[in-house]
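These notes open a run of structures that come right after.
Here chain A shows up in two complexes: once beside chain B, once beside chain C.
Right, the complex of A and B next:
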């Protein structure tokens, strides 16, 4: 197998020392860790490379629309005090003209320490498997997960209250930022819930969009964390009290559960 | 006059060192402004009214945006120094950005920025020129000083962030966890506005 080589970094990050390190790669973007504009503080750098198979003008237009949409959502949520990474810098223009130039875009965000909730829950589930706990201890452990689910519900409620829907809520797009950095508890479920990856987010206050956000997350929990599935009802409890529009979004969630994420197969 | 001119190599843009100085109680703001408007090459600086600046990160976000645009040949204003002032503005109106953030006749506390766009511009040449050109007390470019000079209400108004809580400058509360978070939230909102201008 040939080793995978990510596309060359765009200017100015081809001058960065040390070079940004690639963390993950999706179909639309590469995520790097690098330094913020303050050399002692790290940052996350999301780069949307241009797609050579698209017409260059269309490609730039799509890339620009998507990166600015994500950036606008982040900036709005920061203003509203929702727990998301701050937008630090942005470039949607690419450079060097339509042909031969770089038609991509990039977005620099605050670096969030900690695990994503998926990893935190996996650690907890693995630990639960090994530990032989009596009923009382098991219940105490499950109470920790329930508390986390409530915090997740409240964080999503704050997001929806601000008029934004995430579009791709999974336990991989929720992070747990440790409150105390010295806390090295192996199976830590404490910390602040931070929402990340607004690549598919949009501004919406419709019950339908909000309900789909919750539904997608419920399904993600059920499929990736079977042990925690029964605890996900606390997600809804945390959400219900988080803002005024929550009950009506939850009512819609009941319909969405019956029919699935897509509204209709007809028409 | 001893000057504390700080030279910063911005991460990601190491080829464009940035020289920053802050002056308190400036006596010749009108003169500096007139030289700038007359297009005197030796007075080509970003002269910024320090009351419109919250913190180092606020300034550096605008400098980075201007330098990145400069490096990619897409300045919207005359030169990289006017572009720094323009980059502080949340909207695309260049004249308005100078009125809001640039030096005015009544400016008391002044932030001065010069970019080494050629090898002739060095820390020493900038320091020498500034110490003779600016009549004021040189102070350090740090968060505490900038926060003291800042006019929070004016900054919030310019960025249309009136709904955000204001950090306090009261000495007994300034370092409290809550106040630090309030200031951070305002700063993050400013950085977002700078990044998004024109999008």
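Right, the complex of A and C next:
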């Protein structure tokens, strides 16, 4: 089987030095690290390559709708002071490959330093396994995770307060931007929580959508960080105090949890 | 080991006979016959008529299958039947026949999940080892991946099945149901050129089709393209000149609507399949179910899989469309692990999720 090659970058990114480096590839988009304006300013570049299996008209329509949706959500959140990467530029009809070719849409965002929460928690869990701590020390460590969970809850609350739901909240879509001071801890759990990847986000103020956001994150924590699952209740505590509508979204969350597995399908 | 598989969850009655050689060489298909209940254009198949069809054909088909396979009743080890999911009345008429044969011949019964039957037959025919499965038919639309003893559903339709959406649009256009409405839509779509705007509904890994059907039914009405008379008109004109619209500004034709419907719903299916592939990190896709025999869907899936460095596995109508051998195949795999369905539990059910089956025969 031939090696996978990502599609050619849309211009001008096919012509920048240094060339953008591919970080991750999802089903929909590729994430690159590049620079903006001047080579010392890093930036994140999200490209939605054109999907050759789709009819070209349908492909452009969908790509354009999705990238502008994402950009609108980001712009709104920046305006409302929610902690998200700032939107720098976008093109919903990037030119790619050969002359005049359609290479997909792109979106450039502020570069956020630090790890995603998933990595930070994994590091912490691995470190906890190795370190032999007494009860008191363990509790102190868990208190750090609880504090992080509260910050995550508060960040999600700020997002919901601004009238946006994320649509795909996982610990991979929350970043931990380190604070400048020298961290004395082995594993950094302090820092600001920054929400990323608004590819499935939409503007909604409905309790149902907000509750599903929280439910998805709860499930993600339970499946990827079993050790931290018990600490996730602090997520809810952090969320509850973050804005006025939080209690009613949390009430709805109780119903969503009970729903659990989707209904039995007919036929 | 020889098994008879009996399938009748929808309008197809299929009887198949499979041989699993004792020396462990690949399973063989000894007989695979099918009789389809075809309803008139503009109509779907009703459960009671379909059940009557199955009742009147089942004995004949079993006899014919045994003859074709050149096996005697004594050679048969077990009788596999579709337990569900499907339409109640047709399922029931086949399960009654299976029970009768079991008592008559003194053979053990094995109840099979229809969806698992499709997956196992697809794996056997294509040789795909651990694919992401897109199961698309008139009654089901699911994206499935195997993980620890279950076929897990990653995404599915939130309302109607994709095949049902195509079939019902065929009814709107009064397209023939022979051999299958979906097949005739596919043929007509080949002449379509103009893409009309339709809703596109993907939510995470799930999708929805009922709004699309309502939208395209509305368009057909607006442009006066539905109904029996238009269908006759189309048949009368030589299809090549009549079907394709000349310029992109022109009023869409019946072919254009079929084309647009296919392009839209298949894009949705490929998108959710791609998402599941990215999620589980698999490079193989297997398409099963009646809609899986559509060549345009296979082509689109092939392009997507190629771009991810993978490949698509698909089969033709003999194995894609409901058949008896798939029931025999999945039944025999379960039978081999000691699974039996006692007579008192040989019921059928309309609701039977793919992930309810404990898959003991895989690692």
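By definition in this document, the second predicted complex is superposed on the first by the 243 of 267 C-alpha atoms of A that agree within 3 Å, B and C clash if a C-alpha of one lies under 4 Å from a C-alpha of the other, contacts with A are read in each partner's own complex, and residues count from 1 in each chain.
To be clear about the criterion, a contact is a pair of C-beta atoms (placed from the backbone, for glycine too) under 8 Å apart; a residue touches a chain by one contact, two chains touch by 3 or more.
Values in this document were obtained by computation on a predicted structure and should not be read as measured data.
> Once the structures are superposed on A, label A:35 by its partner contacts, choosing first (chain B), second (chain C), both or neither.
first
> After the superposition on A, what does A:62 contact: first (chain B), second (chain C), both or neither?
The second partner, chain C, only.
> A:86 in the overlay: touching chain B, chain C, both, or neither? Say first, second, both or neither.
After superposition on chain A, A:86 lies in contact with chain B alone.
> Tell me the contact category for A:95 with respect to chain B and chain C: first, second, both or neither.
Only chain B is touched by A:95; chain C is not.
> One more residue to check, A:54. First (chain B), second (chain C), both or neither?
It touches chain C, and chain B stays clear.
> I'd like to know which partner A:12 touches here: chain B for first, chain C for second, both or neither.
first
> Going by the contact rule set out above, which residues of chain A touch chain B in the complex?
For this pair, the touching residues of chain A are 11-13, 15-17, 34-39, 68, 71-72, 74-75, 78-79, 81, 86-93, 95-96, 108, 110.
> Name, in rising order, each residue of chain A that touches chain C in their complex.
1-4, 7, 25-28, 51-55, 57-58, 61-62, 167-168, 200, 262, 264-267
> Give every residue of chain B touching chain A within the complex, in rising order.
Those residues of chain B that touch chain A are 10-15, 56-57, 60-61, 64-65, 68, 71-74, 161, 163-164, 185, 188-189, 191-193, 195-196, 199.
> Using the touch definition from the top, list the residues of chain C that touch chain A in their complex.
It is residues 85-87, 139-140, 156-157, 161, 195, 197, 200, 204, 263-264, 267, 270-271, 274-275, 277-279, 283, 299-301, 303-304, 307-311, 350-351, 353 of chain C that touch chain A.
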